[in-house]
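Same chain, two partners: chain A is paired with chain B first, then with chain C.
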Partner chain A sequence: MSSKPLAEIKLSAASCAIIISRVACAFLGLSGVLKHDQLLSTSLSSYSQLKEGVFLFRNGLDPYSGGNFRHSPLLLALFSVILPESRTSASLIWTSFDLTGAWALISIWKARQNVGATSKDALINASYLLNPYVFLPTLALSSSTLQNTLTLLSIKFAAEGRASPSLFLLSILLHVDLSTILLLLPILLLLITDPHSHLASPHPLTANLRRTIPLFGKYILYTSILAIASTIITGGVQWIPQTWGATLTLPDLKPNPGMWWYFFTEIFDHFRPFFLMVFSVHLLIYVVPICIKFQYDPLYATFLLLGVLGTFKAYPTLSDPGLFLSTLAVFPEVFSYLRHPIVTALLHLHAALLMPLFNHLWLNTGTGNANFFYASTLVFACANGAALIDAIWAGMRIAIGREVQNYVVVQE
Partner chain B sequence: MDNNPPPNPSPWLRLFRRNPNATTTRLRRRQATVSFFTRRLSQIIVALLAVGYFWLLILPSPRLGRGTYIDENALQPGQVNTYWNWGDVHAADVYLEQLELLRDSNATSHQRAQFLMNEFAKLGLSPATQKYSFQSSSNHGSINGANAYAILASPRGPRNEAMVISASWLSRIGEGDGTLNLRGVSTVLALARFLKNYSLWAKDIVFVIGDGYLDGMHAWLNAYHGVKQSNLEAEPLELTSGVIWTALNIDYPGHSFSHLGLFFEGLNGRLPNQDLMNSVQHIARYTGQVPVTVYDHLEWRDPSAQPSELTFLPSPLCHHPEIKEFAYRAKNILRHIGYQARGRASGVHGLYHQFRIDAVTVFAVPAIGPHGFHALGRIVESSLRTMNNLLERLHASFFFFILTTPDQFMKIGSYLPSAILISVAMMFRGLRCWVDAGWRPDHPHSKKGDHSPRIPVWSRRSRPVLHVFAMMLMTHLCGVVLFLIVRSSFFLYRQKLLTPLIVLAVSLVPFVVPKIYYPFHQGVAPAWLLLKALNLCFASTVISTITVLNFSLAALLAVALGLPLLLAQPSKSTPLSWFKYILYTLLASGWLFLFQEVRDAIWQWEILSVWFAPFFCLVYTPLVIQAGIVCILPHS
Partner chain C sequence: MKLALRWLLVFSSTCNLVYGLTTEIFDENLKINHLQDGRVSTTFTFETVLKGASPRDPRTLNTQDASQHYVLFPLTLGQILREYAVTELHLTLNAGNWNYDRWGYPEEKGVGTGAELWAWMGTGAPTSVDDRWKGLRNALAGLFCASLGSLDEQRTTSPTRSYFPQGVLPNWNGNSTHQLRHASLPSEHVCTENLTPFLKLLPCKSLSGVASLLNPHRLFDADWHGMSVHVLWLGAAGIKVRLTFQSLMDPLRSSISNNQNWSFQSLFDHTIERNCPAANSSTVQVTLPSSDSYSAVPEPPVVSGSLATYDVLTAQKPLDISVSRRGEFQYPSSFQAVAPISVTRTLQGFNQANGRLSLVLRNHRSVPQSLVYLETMPWLVQFHLHTLQARVEGRIHDDVISDISYTAAVPHSRPTTFQAMLRLPPNSVTRLNMDVDKAFLRYTEHPPDAQRGWDLPPAVLTPLILDTNGTHLSDEYRLGEPIYTSTLLVDVATPDFSMPYNVIIFTCSLVAFIFGSIFNLLTRKFVVLHLDSNQGN
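The block that comes next holds the complex of A and B.
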């Protein structure tokens, strides 16, 4: 009797220790060093540009006319009200985003397992708060941290069946980052079904798809209200090409850990529109197949699409793949069916060491060149791709059950 | 898995329907490939290791090198007439006399800097001095000094680019043990007097006389680039110029010189662009008529070279030209590894590289003749003209090389695979251990009289990775503690007394760390196997990543970690396990007994931010300790 509460106290102590260490990190003042790191924030999520935009906005200048500010008007409004005056307070605000994200992740876990507090809570907490891909962008005050938190909150509310907050957060997310439109379909499916694990017993979708129509309408409504709000805030529609347009037309080719920038620095200009279209549509083609295949477990489909976003989106930071990897902790049932977890982990280890190193060799010491860094981002893309493929494999493989000796499961 | 032949379909249908046996065939093929690979994995690992180590051994082979060339067409080395003449040599001699007077009167740093500043001022240049002081725990106090420098404003450029001619007060001979670089300093002064008369400089020329050996120049460069260092107090510079692109450091400690030695290794294993070195080498050879060597190693063909050191070989081998050539190159490569692996700069030029300035030291190898100020001045003048030609920074990825002889070098592709192959072997072994950790063979009890070979039944076992990660993390934290202790002045004052205690403490780590809870039972992989798997994978990743940053360090790690980590394994007999454990402890912490080396490494870390010391404590030592833990964990 006495051992169980003791174990729980131990675990909540572990959670507290993790949270305290994260808050302590906020006081270290690393943001000055990490702020300009190209792996941690892109021109769409950089803190310095956010500050610049807020400054222009407060002084009555249109931040979108300069072509430098690419944050959503919603963030502009939010931070012109609560813009942190000092770096430490900014770090604390950003850490609180992360803590909210971790809380949302634990709620998703609870909703999926349909339980109250469990012994795994501390592990889930650690998987988000101690994931270097997640906490380094937070220390660099990248707004991708806020994106992650919004994503997790939206999924949390969807998993709990609360349509309005979930869809509202999802439309805010759309304003912050256009490519998160990928998550709409699985979240709608999640809202009309349940978040529990059905991976081991696939069945056709039983819920009526028509129920998504009013939800979709709601989403459109929220999005348009927010769009109108954005237009009112900035006094015009010039924010649209600067924020949504930037995701589609890639005006800023600063290096980042994604796959787009190098391709579009190298390509001839007359092919640019075509390949922009290809790259953008390429993101979309994953949505329907994944949702059809995992129609019995839309939470898993959402998780897989997070992986697609982390690998292929236009302006990723480390926190996008980080979100995908941290969310894996919610699906412990697939762990034993992962095919090559060690290979994926080693690829990630290599990429995590090589990317900052090659970035440094290229831009600081000048002994390397852009190809070095691009090669390391390719390793990173391979690592993300391997994780994604493995997650898809494990999600489908679990339905077949344990392997019997002398029998092999193959994919046709 | 259905083997029934299908009803004969029409050829058209066959185009669209796959052969139903295709899956089986593909599966068989895959199984055959995998089992081919896994059955021979041990041989593959041995082969990779053998090739990797062999490759390291034959790095000095002349067959792996290629001739140096100039990649940047703008440089045009040796294409100009030089005007440095005997009058300038005389000026240098006069400066030398004055410097010798200063030396004999035991002038302080400040007096020297003042004198140099006055001399620069007499020439009509804008001169200044800079005082600095370093605090260091390893040096029992502080280092003080004063630099003098002057700027020759470019007569025909916009003054936003610069090149530097520098000399340190102490020569690099003996790494700053007190040999003065008087002739180097007087060369710089005479050059300042001479170069001022020409209007062809498109970049500012900065003349710097750094006090001490490395410290003065470091303070000057930090101040020039606005870098704050907590243990350095340096006056801000009164005069500044543009971005420095290239620099030449002159070191002339002897009376005369026979050869010009090139020193190029910078801090933290950085190398300058090879074009600069090749240009200086080309100019020295064809404009200055001075033979060039790598470091102060004279080529074996050179008549003034020391008689062969290969006396341990039988005489026909000892005099074989190919073997002599191999030995000469091996000596150069070993010297290079000695500097680069430890992150040491081989001269004052090494300080420039961190600010993205390509720099080399031209070292006048002391001899009784035949060259002196005349040759050196012409070489520097012509080199400056070449550097003056640059329109953009030297680039073109000409930064990865091993200079085996003055005119031969190894490209990255001819030396990198050696360390990579060893790290691949480690990775394969690590993955093998990982797979082994996941499976348990059960030998079914055979019935009496049944002589058929017993086929083990494989069953899965769990791999508690988090527990092993916790162990590894603990050892790395111990590494952090070790580093904090070693760098503390308390330790450095009582080094000889405390070192055995610390080695003892390190040797206790393998007993403390496995106390972390680990579920030992049948269905769980043995801890040592899992620890070994992750240890090998991590070590392999570190080695292959370091290769591009600092090849020498990667090669050193490949040698020091490769075989030891691969062979770590608990043995059935306790004494043997203990013996192995002691060996690993010595390998992990034995370096602490190299007292002077440890002090130097800490000094380099504190003053020059050379990360070799923290890297060794935080990465190397923990990895070897982990191998030690593997040896004393229970066998199964």
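The block that comes next holds the complex of A and C.
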């Protein structure tokens, strides 16, 4: 082919425009305004906490001996080497994480469609780079951006069948955020099968499950190597309760868009350990059923578990549900089977407008109280839940095909 | 009756012989100063020295302690000290904010607002220092009717660079060490229920001697008042207990003709009617006005410099010392700084999630001033140390702050301890700024009236003073008198206290709804139903 079709040139021009506009956003200097925004970064992902930890680390103080530094020692080591001095360069680094994430998402799309380049690439690109849930945390320099990038890269390598990089990235991800252990099982399944869409033709798993055992061993090996590296970096195991422990015991009750913080602000003290256990175990409950039901399409199972994480994890930012919504673009075949996309979209719109407003009313102007913001996070959880339920429905419903007149498809 | 008394006397002297021949000396003193702004500071000091006594060795805590027989030494305090093997103890309870710029240094230097307790305790005991510290603060809470029990782990620090032992620390077996525990509770209010147990520790209560002037109605009406208890070991000289009460009266407030005249009667509404028979010495010291004409009644028997000393034991009773000055009091247009620096500490920002701690330090001297800066902060205010910045006259100076030692707070338990060395350029204004995070608390952690906020303890700045005793060649510094900043009030975001059940129900319902819907979808089969068009459904 000597010349590309006009449409394709237009689309690649659109991609370039998106990338340029995102890079331009990095120069706006919004990070100073957004860095304290509780919807965009939690204490596990906040840039100021990261800087504080790096400052303490460079001055010979153990950042894990106390305080609110809850980033992984791997990030501490990384950013004590490359921590940018100016906000603009930090924004550029964070934008480059996003661009990498978008590239990984396009690769996942290509692997799923089993094609070289498609006309939809620019759309996939836009769905990630122009998703406000994704780019606002980037502008706030939240490390959840890096988490998303690692997640997408790990899925990308898994979709391409490259086990080692995928599992290595997944074990880094585990160090950054403990709850991403949910993704382990679908990614193992993805590694022994293929990423192509089998949603329309369900069939039992044909691959031999035993093949996951060496892969799992590899994952354990990488995780332990990284754990040992973390211990060497910090000179002790204090980082374990400060990072992994924080996701399980919720010591910091700063508001975030998730469901945990207000529940554990208000829970009676004698029930706290019980409900911490319930909320943590509740996340794990989804893994096996979703993987069994979608054993013929593990990439879709991975996608659904991203939705579970975005809805239910302990310290979410907007970028966690944002990742789920952006990844939906990879599965265009299910779009026509969604039952209530408008309701979901309106719920998201409602929550996205009210959450920042009520957060501001409660904490800055003092004219609203905590219940206002709590109510808007409940709406947000409804929106995420609705999206997740609808994605599960559509993923299964597609197997039946179009409805014919006088026939109706129901669940028994 | 007389026989019985004599027997009692013989018995008690035998006891003294048996139990280590300790003799006790009680001295009382009242010091009255005139301050620049027309106020009068009064400082009562009651000292009991238990001669030849030594603090309890903590290693003997498991064994039976020697019986305690005191005549003048307060038994209740002595029991607490021996029970927890406390070597040195300092407790202050103050109300109000001491204004160093106008009032100069106080006679008793511990003037931090609220309650402050610090103790040095030996190690090597069967129970840990922290356990004994816990017992100590609870025992003192009971003794002084104060909320010292709230000085728990969330408030306890060991700031060893600002708090040094004021007596001698014993060395029991050649390598025994001591540990410091310090805690302060700025929200503690001092009132008459604390004074009553304080008076009970005095041999003559408030019945006679200088202590008879301690009239709660007047003391707690003062512009500033505070009491303190200090126990220290003087080495071979024994154990000293010093009880003090400071108050800052304002004679101008009740004066009709705007003059500074005062008398015992006008200040305390009491006079000294009789001596305290237990007192070894009982004196009243008055710093006489420097320049203008005055008359002191009765005429002071001893005047050295501007300090007049009255011996209460020999003075004619009832003793009502009064000092009157001719003419109206001229309020000074500016105050002569006594302390080398003045400090303002504020917490800035209206946001309930984060703020900025700001310290403005003015060096009044024409020489650089070094200070030890101590900040102890409950965990609900968390420092961002990387944002700490010192500006001198608006320009960033990196060499102002040095030698930082920092213990980060642990949420829900340990407070922050921040100690640093500051070096202020001569005649300058230095601003320290640091971003802080305000924590979000569990609803049970909020105090009653949560919207009022939390009081934060004062920072302590201790100037380093060049020791002029030696030659100029030796760079010997010693710690000067500490300067306590004012306390702060932090506005912490509050949850809704009325609806824990609602929140639990709402969140659980939503989780259950999503969980239920998902498992409903996953576990049920899809079927295709034929719609019978005849029945219409």
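Things worth noting here:
Criterion: the second predicted complex is superposed on the first by the 408 of 412 C-alpha atoms of A that agree within 3 Å, B and C clash if a C-alpha of one lies under 4 Å from a C-alpha of the other, contacts with A are read in each partner's own complex, and residues count from 1 in each chain.
Note that contacts are C-beta pairs under 8 Å (C-beta built on N, C-alpha and C of every residue); 3 or more make two chains touch, one makes a residue touch a chain.
Predicted model only: the values in this text are computed from it and were never measured.
In the superposed three-chain model, the partner touching more residues of chain A is C, compared with the other of chain B and chain C. By the touch criterion defined above, A:361 reaches chain B but does not reach chain C. In the superposed model, A:353 lies in contact with chain B only, and not with chain C. With both structures placed on the common chain, the touch criterion links A:408 to chain B and to chain C. Of the two partner chains placed around the shared chain by superposition, chain B and chain C are both touched by A:369. Of the two partner chains placed by the overlay, only chain B lies in contact with A:342; chain C stays clear of it.
For the contact definition in use here, the residues of chain A common to its chain B contact set and its chain C contact set are 364, 366, 369, 407-408, 410, 412. Contact residues of chain A toward chain B in the complex are 342-343, 346, 349-350, 353-354, 357-358, 361, 364-369, 372, 405, 407-408, 410, 412. Against chain A, the residues of chain B that register as touching in their complex are 1, 23, 26-27, 270-271, 353-354, 356, 393, 395, 397, 399-400, 427, 431, 434, 457-458, 537-538, 541-542, 544-545, 548-549. Residue ranges on chain C touching chain A, taken from their complex, read 350-354, 382, 384-387, 404, 406-412, 414, 435, 437, 439-444, 493-496, 499-500, 503-504, 506-507, 510-511, 513-515, 517-531, 533. Remark: chain A residues 36, 38, 48, 51-52, 54-56, 59, 61, 63, 65-69, 251-255, 259, 261-269, 282, 285-286, 289-290, 293, 311-312, 362-364, 366, 369-371, 374, 378, 381-382, 385, 388-389, 392-393, 396-397, 399-400, 406-412 touch chain C in the complex.
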